[in-house]
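Okay, so chain A shows up in both of these, paired with chain B first and chain C after.
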Partner chain A sequence: MIYKTFRFRTLIYLLPALFIFLTFNVIPGLTSLVLSFFDFSGFETNLFKKFVGIDNFIKIYEDKYFWIALKNTFLFVFGAVFIQTGIALMLSIFIFFGNFKFSVLIRSIIFFPCVLAPVSVGLVWKKILEQDGVLNAILGLDFSWLSSISLVMWLIITVNTWQWIGYNLVIYYAGLQSLNIELLEASDIDGANWSQKIFSIVIPLLWPTTILNMILNLIGGFRAFDIVYVLTRGGPAHYSEVLASYLYYYSFAAGGPNKMGVGASVAFIIFVCILTIAFARIVVMKRVEKN
Partner chain B sequence: MEENKQSNYGATFKRSPIFFIISRIVILFFIIIIIFPLLYTLSLSVRSPETVYSAKFFLIPHEFSLQNYYDAFFYAEERLKVSFPRMFLNSIIVTTSSVSLIIMLSIFAAFSFSHLRFPMKESLYNVMIASVAMPAQVLLIPLFYLLIYFGIINTYLAVILAYAGFLIPIGILILRMFFEQIPYELTEAGIVDGSSDFQLLTKVLLPLAKPAIATCVILLFLDTWNEFIYAMIFMQDPTIHTMQVGLAKIGTSRYHINIGTYSASVMVSIIPVLIIFTIFQRWFIAGMTMGALKH
Partner chain C sequence: MFKLFRNFLIALLLTFSFSSIVRSETVIRVVDWQSGVGGITNAYADFIEKFEADHPGTKVEYTQYTVTTYNEFLKPALSSGQGPDVFAVYPGPDVDEVVNAGHLVNLSEAADAEWKGWLGNNINIPELGRNGNLYMAPQDAFTEEIWVYNDMIADLGFELPAFGDSYTVDEWVAIGKAAKAKGLDGLMFGPVESWCVLDGFANFVNQQNNNYPTDVLGQAYDGEISWDQPMFRDALNAYKTLHDNGVWRADSLSMDYQVQAWGKWIDREGVGIYCNGDWFISSAPADYNTPDSLGITMMSYPKISNDSPATYNKATGTNLGVNANSANLDLALEFVKLTNSPWASSTFAGYGQIPANLAAVDMDALAASPNLLFNDGIKMLATEGRNTNIYYSQAEPMKHLYDGIMEMFLGVTSVDEVIEKMNKVTGYSG
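So, the complex of A and B:
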C-alpha cells in the first residue's frame, strides 16, 4: 500500500470503473430480480406499474417448454463439463506424450475454432447438417439432422464441443507442462507401462486442472445462446431451447409472446442457478484447501 | 525449453508401439474433424454458382470463381441495407472503443485495489469476482430499458457501455493480480524518491505490466468482437449492425439464399480472424490460458 491510511483523493482511480460497473452491471442485475414480479411488455415506459406477484413464475412453471429448456440447459452443461473436458484430457495426453513433430501446429489447429465467433461456427455447421448437406452426402443418408427432436440437442452439444475443445486442451497442456517429471521417471525405473503411467500418475496429478476446466465449462454452458440461435432458433418446436434462448423468445423474439416480465423471471432462475454453483464452488474449494 | 521438456517425457512413452499408433490415429481423426467443416465452407464459397453442388472428394471444386463473394456483397446491401465493409467498420468501432475504455478504467481501478486503501475493498472485489460468472443474458432486459431511458439505444454507445459494465471486472481481476506480483521494493523506491501515486502507476507499474495488458486486450477483443446478443438487441438499426449480427441475419433469413453466397458470407467473417490468429497465435493461446488460470 502506498499510503498508510485511506485518502479521499485517491478514490478518483476507482470511481470511473466503479460507476460503470454499478450502472451497467450491478443495478440492472438487481433490477432484473425485482422486474420478475411485474408484468410489462416491449412498449411500456413505466415498468413497475403492474405488480403481479409470482404470476410470471407460475406461467413458466405451467409452460411445458420451460421444462424442456431447463432440461436442455442441464444437458448442455453436462456435455460441456464431462464430455468436452474428457475429450480434451485425452487429446492433451496424446499430444504431450505422443512425440509429435508438429505439436505446436496441432495445438494451434485444434485451438483455432475458439477464436471464431459462435455465430460463424453455427452457420458453418448449419449447412453441413442440412438435409442436402455434406454430412448426408458422406454417410449416404437422407436425414434432416436438425429437425430431429431426440438428436438436435446432442448435435448442438457436438458443435459446441467442436468449437471449445481447444480451449480446454491448451489449459490441460499448461497443466502437463508444469507436471512433476520425477514421478514419471521413477515409475519408468519401476517398469510401469504407458497406461499405468497415464491412469495412475498423470490423470490424478492433473486433477486441479480438470476441476478448473470443469468450472470454466460449467459457467460457459449456462451462457450458450448464440450457437442455439444460429443453428435452430430453439426449434424444432422449441425442443432445442435452452434457458437463455427461452428468455429471448419470451421477451424479444419477433412473433414471440413479447412478455418481458416472464423473461425477467427466467433471468431470475438463471441467476439462482449460477449463485448456487458459485456457493458450491466456494464450499468445494474450502474442503480442497483443508485436505 | 518447451520442446526439450517434451522430448524428455516422450521418451518414456516412445517404447510403446500401441500408444504411438493410437495417438496418431486419434489426433489425425480430430484434426480432420476440426479442419473439414472450415475447408468445406471455403470450398463452397469459391465454386462457381453453376457447379456449387459438384466437387471431387467433397472439397475440390470443379470450377473456381469468386462470383459468390460479389453476390454476398450485393445480397447484404440489398436485403440487410448494410454492406460488409460497413459491418466491419461497425464491429471495429465497437470493439476498439469498448476495449480501450475497459482497459483504461481497469488499469486505474486495479491500481486502487492493489496499492491504495479504501473502505469495503475486499467485499467490493468479491462482488466483482461473482459478477464474472453471470451470463450476459441475465442483464438483457433491464439493460434494454436502461439504455432506452438514457436515450442511447440504437447507438454504438449502447453496446460499448453494456460491454464495459460487463467486462470491467475481468480487466480488474487480471490487472490487480499482476500489479500485486510486482515486487514491492520497486514501488517503495519510487515512494522514497517522492513520486506521486499517479507517477508510480505510470512510471513504475505500467511499463512492467505490458504482458498483462496484452493478455487483457486479447481476451477483451475476442469477447467483444464475437459478442452477439447485446449487439443484436441494443443496435437494431441496420446501418450499425456488427459483423455477427449481419451474418446471423443472412444465415438465418427466411429468404432463399444460394449456398455459395451463404458460404462466402461466412468466410468473409472467418478469413480476417484466421489471418490475425496466424500472426499472433502464440499470444492468443497464452492470453486465453492465462485468462483462464486467473479465475
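So, the complex of A and C:
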C-alpha cells in the first residue's frame, strides 16, 4: 500500500516535468523527424501535405555545402574537444601549481567570457577580425581574415575556445582541488621531476574530469550556431557553415531556399550524431568507472 | 489536495474572465521587416493614430522585425494558424508559398473601387500578385541604386555623372583604385544578403538585353534560354572585374548590407554604397541632406560599357497582405486600404519615404519638398530608361546563381563553370 501510494505520488510530482519534456522536447523532435520526409516550406498550415520520401536527404547528399558543413562541424567539435580541453588542462595545472598571488583574479578573468552572450562575443570579435579591425591594425596588415576559406573555421574555433575555456578550467580546477596531494608528496620523495609528476600523476588522475570536459564540449560543439551565425553567417559562400547554421539557412534565411523539410532532415542528422556520441559517452564513462 | 486544485482552477477562470472583460478592444496585429527604417516607422505611427481614432475600440499593434530575422517570426506564426492580421511578405518565392498556402486575401476581389483607384497601375505589378490576382498592397517604392558622397568623388579627382547616368565598370575600377590609395573603399558592399548580388546581376543582364522588354533573366531561370550568352557572361565578368580590382574590400564577402556596409558608408569608409535604395532616404546622414545642400548623388548600377542604355531597378518595397484567416478581416482590410490612401502617401512622403501610390499624391507638392534626397529619389523613379525586374520565384536557380557568383569572388570557380552549372540547374536542354 505504501509502495503504491509512493508510486502514485511520484508520478504526480513527475507529471509537470514530464509534460514539459514531452511538449518541448519529444513531440517537436518527433515532428521534426517526420517532417524530414515532407516538402514543407514553413508557411503551410498542413505540415504533412506533400510526402517526398527520402528526397530531402538526397538533396542534402548532393549538395556540396552540406559536406562542407559536416566537415566544419567535425572540425569545430575537434577544436572544442581537443584544443579547448587541452588548453584548459594546461592552464588549470599552471595556475593551480603556480601558486600565483592573484590566482583567483586570473581564473576570474579567464572565466569572464563564459558569462557573456555569444552574440556579443561574436560582434566584438567580428570588429577585431574585420579588414579594418583591431588585429590588422596591430599587425599592420590589410588581410581579410573572415573571408579566407582556409582560415575562417579556425578563427571561429579560436573565438569559441577563447569564450568557453574558462568553463573547462573551472571544472579542471575543482578536479585538481580534490586530488590526493599525498601522491605528489610521495613522488617528491621518490625524486620525480615536474614533468613526471604532471604527466604520470596529475593528468592520469584528472582523466574522469577530462572525459567530462570533453563530453560537454563535444555536445556543445555539435550544437554550435550562434558564434558562427554572428561572425560569418556561414560565409563566405557557405564555407564556414556548420550543420546548425546550414539547417537555419535552408529553413529561415531571407532569400534562402525556403525548405524546412530539408532543414528537418539536417536536424535529424545532427540528432543521429549526438545520439551516437551519447551512447559512446555511456560506454566510455562505464569503462572509466570500472577502471 | 483536491480543494487546493479546485481553488486553483477557480482562480484561473476568474483571472481569464476578468482579463477578457478588461481587454474588450479589438486588436489588429500588423507586422513587417522595416525595423530601423525611420520613414516607415514614423508614417505607421500616424496611420495607427488615425485608424484608432476612426475606429474607436480598435487597437493596432505594429511590430517590426529586421529583414534577416523576419521569416523566423512569420513562418511559425502562419503555419501554426497564429499569423498576424496584416503582414508583409518578401517579394519573390515567399509570395508563391504564402499564396499557395491560402494565407492571403485576394485583394482583386476584396478591394473596393476607391482602393483600386488609389492603387492605379500598381495593381498590375507582377510582384504584388499571383495568377492574375492582387494579393499584396504596396507601401513604398524605390529605385535600387548606388549612393556616393559628392565631396569624396571630388577629392579623388572624378566628376559626378549627369543625373540619371552612372559610372561604367571601368570608371568604378578607377575610383576604387584612387580610393584605395587614400585608405578608403570605392564601394561598400554587403553580399551576405543574396539580393545585393542578384539584383545587380539582373541590372547588368538587362543592360545587354537585346530583346528588351522581354525578361531574359526570367527565361534563363526557367531554362528556356541558354546561360551561355554574352549578356550573362558579361554580367558575371562585370562582377568579377569589380571584385578582382578591389572596388570593394575583400572582407565584404562576410558583410551584410543593412548593418555593416551601410554603417561603414555612414562612417565614410567608402565613397559609395552598392545596392542601396531610396528606402534609406530617411536614414541618410543629415549633414549631407539639408534643405540648402545635398552632398549625396544617387545613380544606377555600373554600366557594362559607355554604350549601355540607362537601366534602373525600380520596384515596390514593403508589400502588405491581409491574413485570410484573420478574425478581424474587415478591419484588417480597412487598415491596409488606409495605407494606400492619398493621405497615407502624403504622410509617407512627409517622412522622406517614397510612397508606392505616386499617382495618389500631388507631384508638384513633392517636388517642393525640403528633403533634397527624397526629391532626387522621386526624380529617379520617374527617369526614363529600362526597368529591371528584380523579384523572381525560381528559388533554386537563384540560390545557385548567388552561390556561383560568391564562389567566383572567392576564386574557387570560374565564369564558365557558373554558366555551365546554371544551364544544368535550370534544365536548359539546348
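Throughout what follows, the second predicted complex is superposed on the first by the 276 of 291 C-alpha atoms of A that agree within 3 Å, B and C clash if a C-alpha of one lies under 4 Å from a C-alpha of the other, contacts with A are read in each partner's own complex, and residues count from 1 in each chain.
The rule is short, and it goes like this: a contact is a pair of C-beta atoms (placed from the backbone, for glycine too) under 8 Å apart; a residue touches a chain by one contact, two chains touch by 3 or more.
What you see is a predicted model, and the numbers here were worked out from it, not measured in a lab.
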**Prompt:** On chain A, do chain B and chain C fit together or clash when superposed?
**Reply:** clash
**Prompt:** With the two structures laid over each other on chain A, which partner does A:L75 touch: chain B (first), chain C (second), both, or neither?
**Reply:** neither
**Request:** For A:F252, decide between first (touching chain B), second (touching chain C), both and neither.
**Result:** both
**Item:** Which of chain B and chain C A:L205 touches, first, second, both or neither
**Value:** neither
**Request:** Mind working out whether A:V230 is in touch with chain B, chain C, both or neither, as first, second, both or neither?
**Result:** first
**Message:** Contacts for A:V52 in the overlay, against chain B (first) and chain C (second): which applies, first, second, both or neither?
**Reply:** neither
**Prompt:** Thinking of the overlay built on chain A, is A:Y239 touched by chain B (first), by chain C (second), by both, or by neither?
**Reply:** second
**Message:** Just checking: does A:L146 make contact with chain B only, chain C only, both, or neither of them? Give me first, second, both or neither.
**Reply:** second
**Request:** Counting touched residues of chain A, say whether chain B or chain C comes out ahead.
**Result:** B
**Request:** Kindly classify A:M260 by the partners it touches after superposition: chain B alone (first), chain C alone (second), both, or neither?
**Result:** both
**Message:** Just checking: does A:C114 make contact with chain B only, chain C only, both, or neither of them? Give me first, second, both or neither.
**Reply:** first
**Request:** Check each of 131-139, 167-175, 203-211 or 257-265 in chain C against chain B and return the one that clashes.
**Result:** 257-265
**Prompt:** On chain A, what residues does chain B touch that chain C touches as well?
**Reply:** 47, 233, 251-252, 260
**Asked** In the complex of these two chains, what residues of chain B are touching chain A?
**Response** 2, 5-10, 12-14, 16, 18-20, 22-24, 26-27, 30-31, 33-35, 37-38, 40-41, 44, 58, 105-106, 108-109, 111-113, 115-119, 124, 127-128, 130-131, 133-143, 145-146, 161-162, 164-166, 168-169, 172, 187, 191, 197, 200-201, 222, 225-226, 228-229, 233, 243-244, 247-248, 251-252, 259, 262-263, 265-266, 269-270, 273-274, 277, 281, 284-285, 288-289, 292-293, 295
**Prompt:** What does chain A use to touch chain B in their complex?
**Reply:** 1-7, 10-11, 13-14, 16-18, 20-21, 23-29, 31-32, 35, 47, 90-91, 94-100, 103, 106-120, 122-128, 134, 137-138, 162, 165-167, 170-171, 174, 177, 181, 184-185, 188, 193-195, 197, 212, 215-216, 219, 222-223, 225-226, 229-230, 233, 243-244, 247-248, 251-252, 260, 263-264, 267, 270-271, 274, 277-278
**Request:** Going by the contact rule at the top, pick out the chain A residues touching chain C in the complex.
**Result:** 41-45, 47, 65, 130-132, 144-147, 149, 152, 231-233, 235-239, 251-258, 260
**Request:** Name, in rising order, each residue of chain C that touches chain A in their complex.
**Result:** 67-68, 70-72, 74-76, 78-81, 90, 92-94, 97-98, 100-103, 192-195, 198, 249-254, 256, 269, 395-396, 398-399, 402-403, 406-407, 409-410, 412
